[in-house]
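A, B and C label the chains in the order they appear, each numbered from 1.
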Amino acid sequence: MRVPNVNGDIMKEFIIKNLSLRYSDDNESLRNISLEIESKAITVLFGPAGGGKSTFLRVLNRLNDLADVKEMKGEVIFQGQNILDPKTDVIELRRKIGMVFSRPVPLPLSIYDNVAYGLVMAGEKNKQKLDHAVEQALRQSFLWDEVNDRLKDSAYSLSGGQQQRVCLARVLALEPEVVMLDEPTSALDPIATSNIEEMLGELKQQYTIIIAPHNVQQAVRVADYAAFFLMGELIEFGPGKEIFHTPRDKRTSDYITGRYG
Amino acid sequence: MNQTRKHDDQLINSVIRITGYSSILFVLLILFFLLREGLPALASTPLKTLFSIRWYPIEGYFGILPLILGSILVTVVATLIALPFGIGAAVYLSEVAPPWIRDILKPIIEILAGIPSVVLGFIGILVFVPFIRKFLDIPTGLTAFTGAILLGLISIPTIVSVAEDALNTVPNSYRQASLALGATRWQTIWDVTLPAAKSGVLTAVMLGIGRSMGETMAVMMVTGNAATMPVHLNSLFAPIRTMTATIASEMGEVAAGSQHYQVLFLIGIVLFLLSLVINIFASLVSTKSRQRSERLLS
Amino acid sequence: MTTTSKHRKEKINEQLGFIGLRIITLLTVIPILGLVAYIIVKGAPAISWEFLTAPPSNGMREGGILPAIVGTIYLTIGTAIFSVPLGVMAGIYLSEYAKESTLTRLIRIAIINLAGIPSVVYGLFGLGLFVVFLKFGTSILSASLTLSIMTLPTIISTTEEALRSVPNSFRVVSTSLGASKWQTVRRIVLPQALPGIITGVILGLERAAGETAPILFTGATFFLPILPQSPLDATMALPYHIFVISTQIPGMPVSIQYGTVLVLLIFVLGMNLIATLIRSHARAKRQW
């Protein structure tokens, strides 16, 4: 069922060609981004705030449809299809490309209903299947042991770190191809942060992961590949080791060594 | 997503869209039916008759001037009565009162908004009318002034709530800046906060006027309903008749389609257009001010 | 020295100003409470089981007000049947579907104008459209439809406001999990906004229940010995009944007048109270 884009020997999850985007208020934008994102690896998008990372992520699952986008050009090929095509089934697409946000936003439902939400919306009614999926997703996000006796409680009764893991579990329950995380630890304490980072290492066995990390240190810790975004432009992209140790562009090295941002 | 569900979604989306447009449809329908029943009056009744000063339908006198002036008189006086109380209470609630007092007082003012106008008219008849007759020593307490007092009372909740909203949208930084410059809270209210909320307060006044102009039952019950021209100084303390009261008291007794019926609808058109003007003006003023304050805050 | 005396003068001004504002506010609030208390005191003695369950007799001067109570309940329910679905959906449209456009601005202007049209003009419109043109006659149906359109702007505006108070992040998250627009509205936004919507609906219906002018020529009748049998019957109603017994009937016992007013007041303020309770309860329970 999965049709990988084969480009040489490397499996590509996304091929992005000349992507440009402008919001109505001209605030943040993307300029001519071309990039190939590898399957089953962690790709890190880093750079100063307002550089277009969030916008870029929200193009990949077409969540930007909710925002006031004035103009969008270019191509994003995912599973052989240009998902920017108006005919794309965006609902199907979003089930394949899950997203975790910077602040934990549990839906105002129970823990169980939060995790089952995507499946229920997809029309899954079989209680056993749902139970199974919820348990598995909570186990994958290391939360099962902490919450299995209180699944009917409100998700808001959990701590911030637990809430963020519910948000991850909620994405995993849909068994997506890609998991995107937009500064997922920015609202968390160091322990909860390292929990999440640890999890990422396991998750990449199964999923393609794209993450806009909280800071450069986190980027260095988790990256297989890294892309440096500055003011809507992709400055540099390559394997994490090269980008962080031998950056080719001066702006990249300036940023990594903390000269701005 | 399976196909039937997609169709269900499309169906509900279009239903919601159509209901969204319904308000426009209703305004047009109201206008259409007022015109349909009221415009023939212009054919059956010469303009000279309509703009005469005598309203006596049984003998064919359809002069609507006394009714228009009657409405204007009670509305103006009612607004003058309501303004100090309405704006004063709004300023107190928004700028001075501690939260717990606000939490008690606001629902009480909302109660007033909820009291049906017929109840206020009833109290007007039993309490205000005899009081005014005795207090001012005039032959009847059924006067324009009595109506204006009731209308003032009725429009106060509107003025308070809209003006208070307007004051609340003034950014706190304004007040802090003024206080930091050494102004007292009292000076800040008059020199900074109220001017900044000016257009919202104006909207409150406009809506209060609209409320008074359109009020029917209470006015009809206490103003005596005499269709005289209120052009004398003491007209305020004599019976008058408003447009709304005329429609309410006479429509029940006329034959559908008769000249009298048509003229009553014509008065309805006048009321409709007046409320249209007042409300469009009020909404223009308030959207302009909202845009400005949003710009300031962002 | 001059600055301190000036400062003191300003402080005194401020104190006097605040006292003035307090007095003005009290002068606004006390009459309201006095009014309600007065009606309760004067009306309570008239209220008895018979008063609530018997029809009027002896030209309204004796007996009860049952047909008027039942009529007002019918009219309120009738109004709710038409205005709630329409108003709530229109509110959903404005909050969740409408984009900023000329059409949306027109809709908003239309709503503001509907809210401002005098109630007696609604009566004329109801007469022209429902009673005469659609031939529903002077009936509960005509009166309910007229009241519905009058109530619509309140319900639309409060629904929109309630929906807008739901954080946008819920919509973004729900959409990102593959929920359609309607699923997001139905599963997440609407349940969270429900207390606010119910509050608005009750406040709108409260207005309708107390209105007289719109039903004068569309559905209200002076006297009805039996209860209305169908939606096409005319009906007695509390507000109109108060108008009748306070202006049209000479020698009307004051106790029955006050009793009737008290019943309407309880009906209307009771709805108000319920709305307030729902609102504060929901605020206390809210998690976000």
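Going forward, contacts are C-beta pairs under 8 Å (C-beta built on N, C-alpha and C of every residue); 3 or more make two chains touch, one makes a residue touch a chain.
Predicted model only: the values in this text are computed from it and were never measured.
Engineer: If you average the CA coordinates per chain, which chain's centre is most distant from that of subunit A?
Structural biologist: Farthest by centroid: B.
Engineer: Of every pair of chains, which is linked by the largest number of C-beta contacts?
Structural biologist: B-C
Engineer: Which chain has the mean of its C-alpha atoms lying nearest to the mean of all protein C-alpha atoms shown?
Structural biologist: Answer by centroid distance: C.
Engineer: Please work out the Cα centroid separation of subunit A and subunit B, and write it as a whole number of Å.
Structural biologist: Whole-Å distance between the two chain centres: 54.
Engineer: Find the geometric centre of each of subunit A and subunit C from their Cα atoms only, then give the gap between the two centres in Å, rounded to an integer.
Structural biologist: For subunit A versus subunit C, the centre distance works out to 48 Å.
Engineer: For subunit B and subunit C, what's the span in angstrom between their mean Cα positions?
Structural biologist: Those two chain centres are 16 Å apart.
Engineer: Give the residues of subunit A that touch two or more other chains, as numbers and ranges in rising order.
Structural biologist: 91-92, 122
Engineer: Quick check: what residues of subunit C touch more than one other chain, meaning two or more?
Structural biologist: 180, 183
Engineer: Can you list the residues of subunit B that touch 2 or more other chains?
Structural biologist: 1 - these are the residues of subunit B that touch more than one other chain.
Engineer: Touching residues of subunit C toward subunit A in the complex: what are they?
Structural biologist: 167, 169-180, 183, 187-188, 191-192, 287-288
Engineer: Report the residues of subunit B in contact with subunit C in the complex, numbered from low to high.
Structural biologist: Residues 1, 8-9, 12-13, 15-17, 19-24, 26-27, 29-30, 33-34, 36-37, 84-86, 88-89, 91-93, 96-97, 105, 107-112, 114-119, 121-123, 125-127, 153, 156, 160, 184-187, 189, 207, 210, 213-217, 221, 244, 247-248, 251-252, 256, 264-265, 268, 271-272, 275-276, 278-280, 282-283 of subunit B touch subunit C in their complex.
Engineer: Okay, in this complex, where on subunit A does subunit C touch?
Structural biologist: Listed in rising order, the residues are 61, 63, 66, 91-92, 94-95, 98-99, 101, 103, 105, 107-109, 117-118, 121-122, 154, 156, 167, 170-171, 174.
Engineer: For the complex, give me every residue of subunit C touching subunit B.
Structural biologist: That would be residues 10-11, 13-14, 17-18, 20-22, 24-25, 27-29, 31-33, 35-36, 38-39, 85-86, 89-90, 92-94, 97-98, 103, 106-125, 127-129, 132-133, 149, 152-153, 156, 180-183, 203, 206-207, 209-213, 216-217, 239-240, 242-243, 246-247, 254, 257, 261, 264-265, 268-269, 271-272, 276 of subunit C.
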